[in-house]
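So that we are looking at the same thing, I have put the structure below in structure tokens.
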Amino acid sequence: MEVIGVIDTMFAIVNMGEFAREELKTCPGYGEKFEIVSETVPGFKDLAVGAKKLIEERKAKIVIALGMPGKESIDQVCAHEASQGIMLAQLLTSTHILEVFVHQNESNDPKEFLQICEQRAKKHARNAYWLLYDKDQLKNRAGMGIRQGFGDVGPLKV
Amino acid sequence: MEVIGVIDTMFAIVNMGEFAREELKTCPGYGEKFEIVSETVPGFKDLAVGAKKLIEERKAKIVIALGMPGKESIDQVCAHEASQGIMLAQLLTSTHILEVFVHQNESNDPKEFLQICEQRAKKHARNAYWLLYDKDQLKNRAGMGIRQGFGDVGPLKV
Amino acid sequence: MEVIGVIDTMFAIVNMGEFAREELKTCPGYGEKFEIVSETVPGFKDLAVGAKKLIEERKAKIVIALGMPGKESIDQVCAHEASQGIMLAQLLTSTHILEVFVHQNESNDPKEFLQICEQRAKKHARNAYWLLYDKDQLKNRAGMGIRQGFGDVGPLKV
Amino acid sequence: MEVIGVIDTMFAIVNMGEFAREELKTCPGYGEKFEIVSETVPGFKDLAVGAKKLIEERKAKIVIALGMPGKESIDQVCAHEASQGIMLAQLLTSTHILEVFVHQNESNDPKEFLQICEQRAKKHARNAYWLLYDKDQLKNRAGMGIRQGFGDVGPLKV
Amino acid sequence: MEVIGVIDTMFAIVNMGEFAREELKTCPGYGEKFEIVSETVPGFKDLAVGAKKLIEERKAKIVIALGMPGKESIDQVCAHEASQGIMLAQLLTSTHILEVFVHQNESNDPKEFLQICEQRAKKHARNAYWLLYDKDQLKNRAGMGIRQGFGDVGPLKV
């Protein structure tokens, strides 16, 4: 059975990995074609090497990496470093790692914030599935202004 | 037959990959000397590893990577990360990946914006063709102030 | 016996490595399952390669890298470079290196500052232990707003 | 015969590569000990991989990479990315690639601007020659405040 | 005999490499256990690959890389790129390269500026020696607020 990796953090204030798993369990072939292997690391700067280990040691074909940058300006620098690490991990393994970051300043309303987390995690879990098993879903949406966490923007109207 | 890769995103609000393909189909040897292999990924931070996979798994000799950074300041950081990834993917594969980014703030006029997308995608598709099959076209334009998406600046007048 | 690496700097004004070792010595299996190998380097930009050498030459399974950026703006740039190096060292070795940085401007009160150093170093030493020998401790805290150096934030309340 | 690579861009508004070649042709051993191989790429973000290919595929012992960042703030970000790429290309090949960038905002006077281009390209072409064939020239100038494109600053006077 | 590499630039306005060599010559084992191999490159962005070549081609066990960023804001960006390169060179070779940068704006008084250069170069030359042959000197100073170029800060007083 193929493996989809899900990696998240103790730092986040929402269990984003659980949302990703919920979505993956609704995808065709779950438990037959693919299974989920999960890890949790301390913070988002630990995601990159954790994802790389899922790929190398657990044979994950793709990884969903979920993190939550804080509100301080130093957090933005750390988020940048975490992102660069995830980028590099992808290139060293030639494997997609979908970065699912929700910044704590994206909403001050707890309900809306939770919804952003859920939607972004689920949409990217679906994207991971498409990248592995159904690429036409992606191709059919090329240039369509698709978003995760907020509503789609849609294509340019001329 | 050799392969030219075209990779674009669902995030963009214009189907930039289609413009690149249109141009490539007008190049000498299309369908005989080279064919096009296309991919679509969720967002522009997924382009780098996607392009690397086109090179490694689909034997692309060159890749045109098309993305569209949003208007927010966080989008500029992401664009920087996406660009660094594309740079690294090139260096790890010793293969050109032409980065074709149109920033959403380059024009507020939808018609002009669409034109920038079309021109930049087509010009870089032509550049990709030249890099593979007709390098003298590039050499003859060294230092000539050539642009993509807007008109050429031309060489310095002293 | 497996090795946990601890690396710190002469630049720091607190002996952070000692706090990390204190915590590791209270972990189950210390001296039986794992031992500690320590190094000290001049400054935090020397941590990355030092940690990599602990992994390669001393067979460390995980490393705790402790540093202390100064208060000047140039120190922030250096901290960024040091962090990128630690990120890269992790990815080149597929081994976790926990970055434990206390910025000198986190508190002006010496007692509080010392406490931050102690708590952050000890919490991350514990995290290192968990990553090696008790991953469920991490999984059970996914999305729980766990912090090091200050009190936990806790999960989002909706 | 050994190869010195010269790579420049269509984007630049001055033919900087030609200045580099002019200088190299005046160096001892031109056409006997070494020859010049030239490439032109679309923009300066294409220089890094182009230089790496000159080293790997054309066996260049050293490369002179000439580019011209534009005046906009986005151009500064791109220049940074281009420079990081050239740095990485050097480290992956253990070969010097001399980055010769003239920023379009270095002078508003076309004549002076052209002179900067010429001087910087020629001085770095000479540096490339020295790095390959006459290292004492460099050693004798250690700490002497040598510049390219503007006059030398000279050593500190105490 | 083992090799310690010293690499500096023509750009600097002080011969920093000479200070480093002076210090190394006072270290136990000079000329018996270790010798010095020196290189000079044009500017500080050439130090990284130059240091890597000293390690690979001249078998240097450690390198001292000395550079001097200018006063302009563009120089700060270049210094950042140079530092990232030195970081990467270390990680690709698993060898320490001590970055010894004196920024031209650290002092406007030529005598003080020269003193900073001398002290920083010599202290780091000593650090290089300790890293190779006497690691306890470093361990005994962990968390002691050691500086190079200015006086030591000393450990936190609580």
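Chains: A, B, C, D and E, in written order; residue numbering restarts at 1 for each.
Simple rule for what comes next: contacts are C-beta pairs under 8 Å (C-beta built on N, C-alpha and C of every residue); 3 or more make two chains touch, one makes a residue touch a chain.
All values derive from a computational prediction rather than experimental measurement.
Asker: Which chains contact both subunit A and subunit E?
Answerer: Chains touching both subunit A and subunit E: C.
Asker: Between subunit C and subunit E, two touching copies, which fits better, same or different residues at the interface, with half of the numbers shared as the threshold?
Answerer: Shared-number fraction below one half, so different.
Asker: Give me the superposition rotation angle from subunit C to subunit D, based on Cα atoms, as a multiple of 5 degrees.
Answerer: 145
Asker: Can you compute the centre-to-centre distance for subunit B and subunit C, using the mean CA position of each chain? Integer Å is fine.
Answerer: The computed centroid separation for subunit B versus subunit C comes out at 41 Å.
Asker: Any idea how many Å lie between the Cα centroids of subunit B and subunit D?
Answerer: 25
Asker: Pull out every residue in subunit C that's touching 2 or more other chains.
Answerer: Those would be 84, 88.
Asker: Listed in ring order from subunit D, and going the way that reaches subunit E first, which chains are there?
Answerer: Cycle of chains, anchored at subunit D and oriented toward subunit E: D, E, C, A, B.
Asker: What residues on subunit B touch subunit D, complex-wise?
Answerer: Going by the criterion above, the answer is residues 76, 80, 83-84, 87-88, 90-91, 94-99, 103, 124, 127, 131, 135, 138-139, 141-148, 153-158.
Asker: Mind listing the subunit B positions that touch subunit A in their complex?
Answerer: Residues 8-18, 38-42, 45-46, 48-50, 52-53, 56-57, 74, 77-78, 81, 84-85, 88-89, 92, 110-111, 113-114 of subunit B touch subunit A in their complex.
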